[in-house]
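Shared chain: subunit A. Partners: subunit B in the first complex, subunit C in the second.
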Partner chain A sequence: MSLYTEFQGGSEVALSKIISHIENRREGYQEVLSRLYRTGGRMYRIGITGPPGAGKSSLVNRLAGLAAEAGHRVAVICVDPSSPFTGGALLGDRLRMQDIPLDKGVFIRSMGSRGSTGGLAAATSNVTVALDAFGFDTLFIETVGVGQMELDIIDACDTVVVALVPESGDAIQALKAGLMEIADIFAVNKADRAGSDQMVYDLQSAMEMKAVHSEWIVPIVATQATANVNLDELYRHLTAHKAYLEKTGLLAQKRAEQLKKKVERVLVKSIQRDIDRTLLNGAVLDDIVGRIMRGEDDPYSAGQALFRQYKFGS
Partner chain B sequence: MSLYTEFQGGSEVALSKIISHIENRREGYQEVLSRLYRTGGRMYRIGITGPPGAGKSSLVNRLAGLAAEAGHRVAVICVDPSSPFTGGALLGDRLRMQDIPLDKGVFIRSMGSRGSTGGLAAATSNVTVALDAFGFDTLFIETVGVGQMELDIIDACDTVVVALVPESGDAIQALKAGLMEIADIFAVNKADRAGSDQMVYDLQSAMEMKAVHSEWIVPIVATQATANVNLDELYRHLTAHKAYLEKTGLLAQKRAEQLKKKVERVLVKSIQRDIDRTLLNGAVLDDIVGRIMRGEDDPYSAGQALFRQYKFGS
Partner chain C sequence: MAEKIRVLLAKPGLDGHDRGVKVVAAALRDAGMEVIYTGLRQTPEQIVTAAIQEDVDVVGVSILSGAHMTLFPAIVDLLRQRGGGDKLIFGGGIIPDDDIAALEKAGVSKLFTPGASTVEIIDWVTRAVAAKKNDEKLL
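== the complex of A and B ==
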C-alpha cells in the first residue's frame, strides 16, 4: 500500500511521514502539495500569539480540547522559537502540549526554525495543506513572539487570538508590537494576577481609540487557562468570529489574499532554487566577493549584473 | 551644491536625506548605494539584542557615549518593533535615546518595519552603507526581540551583545531563542535585581556545556546601565572582541560571508521587482486565484507554471 493510500485511509503515521517530507522540502514535495491541496479546503485556522510567558500553550490546550468535544477534528501546530544555527525545535512546548488528553484525538506537531527568513512561515503554511487534506477541520497554530516571521504565520490564519498577561505596560507593549491590528480576540490570561482588570480596561480604551474599519468588536476575555476559568467564553468568541467572517464574505476575501501571497511565494522560491543551481555556485560568488573586497566592484552592481545575466543570459 | 557633495562635506542633513532615499527605496537608490559602498569599508558594527525590557536602549546609550569619548565617530540605529500594518516606527525608543548628550556627536536613526519579511533587515544593512561612507567608524544597532528578522540584522554585525535581565527562567529562554549561539558578549543588565548572580552562573554553566568551536570565551558582564555600573568593563570586552576578530582573520572571513548574502539579496530583490512589474500584475493573479478557488488549479502548480513562464517565456 502506498504512503498516499495509507494517508487517505486515515493513518497518522502516514500523515507524519508526509509532513516530514514537506517540512524538509525533500525532492518532489511541491508535487505532493499540489495533490494534497486539491483534496482540502475545509479547515478553519486559528492563530494564537503573544509574548513569551502569556500561557499560550495552556490556552491552545484548553481550546483544542473544547473544539474536539464539540465534534471537530482538531490539529495543533506549535511553532517553536529556536536557533537558526542549530535548526532544531526544542522540547519544552511540545512536552507541555502533551497534557491534551490523547483520547480526544488532537493531532499535535511542533515546528522549529528552518534557518532562513520566511522559511518557517512557508513551511508552516505547507504543513497546513497536509493537515487540511487529511481531514482536520480545525487547526490551532501557536507562535511565540511577535516578530515578522510570526506575523507572516498569523497572516495565514482566519481568526487570531492575542494572549497577554496582566503586567504593567504590557498593553502598551502590545500596541507597540502591532498586536492591536492583528487581534480578532484578546485573552488576558493569568487573570488571577494583580492588574488584570486594569489591563482589560487599558485594552478596551486602546481599541476604542482605534479607527473602526470593521463591524467586529474585538472581545477582551479574562482567562485562567491552567485553572480552566472562562475558556468556554473564549471558545464562544472563536465560533462567533468564524460565523462573522463567513456571513460577511470576509473569509472568502481573506482566502483570496492569502492565495495570492502563496502563489507569489512558490514562484519566488522556484526562482531562488534555480538561481542557486545555475548561477550562484561557490566559485562564482567567491570570485565576486574577491573583486568587491579589492574595491573593484560593490555588492549592488554585482547583484544587478547577476540579475541581467539571469534574465538576458549576458 | 549637490546632495552628494554636501554629504561628502559632512552635512548631517544631507546624510539624513540620503538615508531616507535608501530606506524608502526610491528610484535610483541602488545606484546611490553602489557609489557610497566604494567609499566606505572602515565601520565596525556592534549589534545589541535581547528580550523587551532588558534595558538595551540604556546600554547602547552608555556604550555609544564611551565610544565617542574614546575618539570614535559613532552612529546608532534603533530598529523599532512596529506593526507591519501601520508601517511606522513608534517614538518610545527614539525618545529614550535622546539622553545621549548631543555634544558627543552621536548620530541616531530609528528604523521601523517595512512591512515585508526580510525588508527591514535589508533596509538596515543598506543604511549602514551610508553611515560607513559618511565616515562613522563605529555603529551600534539595537534590535528588540529575537525573531528571524532580528537575527538577520544581527548576522550583519561584527560583535553581538546579548542583553538579559535577571528573571527566573530567562537564561533558559535565551537558550531556547538561540541567543547562546549569537552572543559574543552577555550583559546581565539591571544587575541590582534579585537573581542576578544566579543568572550569571546559569549562563556560565550553559556556555560551558556548549561545544567550544572558538578561542573566544564569551564574557558575562553584570551591568546597571541606568546607574552606569560596569559599563567600562562591558566596553573593554567590546574592544577586546574586535581585536580578537582582527588578529585571527575572522573579521575578513565574516565580511566575506556577509557579502555573499548581500549579493544574493540584491539579485533576488532585482528579480522580485522584475516579476512584480512584468508577471504579477493584478489581473493575472486574480485570474489564477479564481481558478484555484474553483478547484481547477492549486497554488503550487500555478507558482511553478509562472516560474516556467518567467524563465522560458512559455
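== the complex of A and C ==
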C-alpha cells in the first residue's frame, strides 16, 4: 500500500512520512500536494510569533490543550532555527509542550528553518496543507522567533497572536519590528513579572495611535503561560477573532489573497527554473559581465536583451 | 541540498539529570542533524508518539536508572506496534555486557556505555541511517 493510500485511511505514520516527503521535496511530492490541496480548506490556522523566550511554546502548550478539550482535532507545527553553518538544529519547542494531551490525538511536528529567514521554513505552508487534508481542524504554528521581520506567518495563518514579555522597551521594539501591523491579538506573557501592566498600557497607547482599518479591536491579554493564568481568556479571543473573520467574509478574502500569492510564487519559480535551465546555462552571464566590465554593455541593456531573447526567441 | 538526519533524544525513567543527553544533542546538531529533545521523565508512550509524529530516523534513549531491561523492550515493542518499526533505536547508560547482548537481540540497534565519545555516536548514527533502505511508495 502506498503512503498516500494509508494517509487516506487515517494513518498518522503515513501523515508523518508524507510530511517528510514534502519537507525534503522528494520525488512525487508535488503530485501529492496537488491532491491534498483539493481535499482541504477546513482547518483554522493560528500563528504565534514574538521574540525568543517570550513564551510562544508555553502558550501553545496551553492553547492546544484548550482547543483539544473543546473537541477540536488539533495539530501543532513549531519551527526552530537551523544553523546556517552546519544545517543542524536543536528542535526544543516540543520540550515546552509537555501538557498537550497527546492521548486526545494532538499532532506535533517540529521543523528546522533550513535557511529560511521569514520565521517559517520554506516547506511549512505545504506541510499545513497535509495536516488540513488529514482532517485536523485547528492548527497552531509557532515561528522561529529570532528574526526582526518574521512575516511568513501572515501568508500561512488566519489569526496571528503576537507574544511579548514585560521587558522594558518591548512595546517600542514591537512597533519597529512591524508586529503591530500583523497582530490580531497580543499576549503579554510572563505577567508575573514586574512591568506587565506598563507593557499592556504601552501597547494600548501604541495601538490607539495606529490608523484603524477594521472593526476588530486588537485585544491585549496579560498571560502567565507556565502558571496557566488567563489562558482561557486568550483562547476566547482566538475564538472571537475566528468568528469575526467568518461573519465579515474576511476569512474567505484573506485565504483568496494567500492563494493568489501562492499561485504567483509557483509561476515565478517555474519561470525562474526555466530561465536557469535554458537562457542562463553555460557561460552566458560570464560573457555579459565581461562586456559590461569592458564598457561595452550595461546591466540594464543586457537584462532587457536577455528577456527579449527569452520571450521572443531573438 | 542533502536531507537532514532527524534524531529524537529521550530520557525515560526517574533518574535525575540530563547533562549527558544535552551533550549528545549538541554534538549531533553540530554534525548537521535535526535533533528533537523531549526532556526528562518521558514514558515509552510519549517517546514513541514523538518518534512517529516527528518521523525521525533514529531514537536515542538514555537510561541511567538501571531499568534498561524493561524500558528498552517497552519502547521497541510499542514502536513496532504503532508502525514505527523502521526507526533505529540506540541507547546509552551503564549497562552490563550480558544485558547489551540481550537488548541488541531484542531490537535495540546499538548501545553505548559511558566511555563512548560523541564522535563515535555521530559516526554510528550517520552510517546506520545511510545503510537503512527505504522502499516505501509515496503514491
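Going forward, the second predicted complex is superposed on the first by the 253 of 314 C-alpha atoms of A that agree within 3 Å, B and C clash if a C-alpha of one lies under 4 Å from a C-alpha of the other, contacts with A are read in each partner's own complex, and residues count from 1 in each chain.
By definition in this document, a residue touches a chain if its C-beta (ideal position, glycine included) is under 8 Å from a C-beta of that chain, and two chains touch if they have at least 3 such contacts.
Values in this document were obtained by computation on a predicted structure and should not be read as measured data.
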Discussion item. With both complexes superposed on chain A, which partner does A:S110 reach: first (subunit B), second (subunit C), both or neither?
Written reply: second
Worksheet item: If you stack the two complexes on chain A, which partner ends up touching A:V221: first (subunit B), second (subunit C), both, or neither?
Response: neither
Practice prompt. Classify the contacts of A:A191 with the two partner chains as first (subunit B alone), second (subunit C alone), both, or neither.
Written response: neither
Worksheet item: Touch check for A:L151: first (subunit B), second (subunit C), both, or neither?
Response: first
Discussion item. Comparing subunit B against subunit C, which has contacts with more of the residues in subunit A?
Written reply: B
Discussion item. Let me test your reading of the model: by the given contact rule, A:L245 touches which partner, first (subunit B), second (subunit C), both or neither?
Written reply: neither
Worksheet entry | First, second, both or neither for A:I18, with subunit B first and subunit C second | second
Worksheet item: Is A:Y300 in contact with subunit B, with subunit C, with both, or with neither (first, second, both, neither)?
Response: first
Item to complete: Please write out, lowest number first, the residues of subunit A touched by both subunit B and subunit C across the two complexes.
Response: 31, 82-83, 86, 90, 92
Discussion item. Under the stated contact criterion, what part of subunit C meets subunit A in this complex?
Written reply: 1, 3-4, 25-26, 28-39, 45-46, 49-50, 52-55, 82-84, 136-139
Worksheet entry | In the complex with subunit A, residue positions of subunit B that touch it | 30-31, 33-34, 37-38, 41, 51-52, 80-86, 90, 92, 113, 116-118, 120-121, 145-152, 173, 176-178, 180-182, 252, 255-256, 259-260, 262-272, 274-275, 279-280, 285, 288-289, 292-293, 295, 298-304, 306-307, 310-311
Worksheet, complete the sentence: subunit C partner, complex, touching residues on subunit A are 1-4, 11-13, 16-21, 24, 26-29, 31-32, 82-83, 86-92, 94-95, 98, 102, 107-110, 112, 114
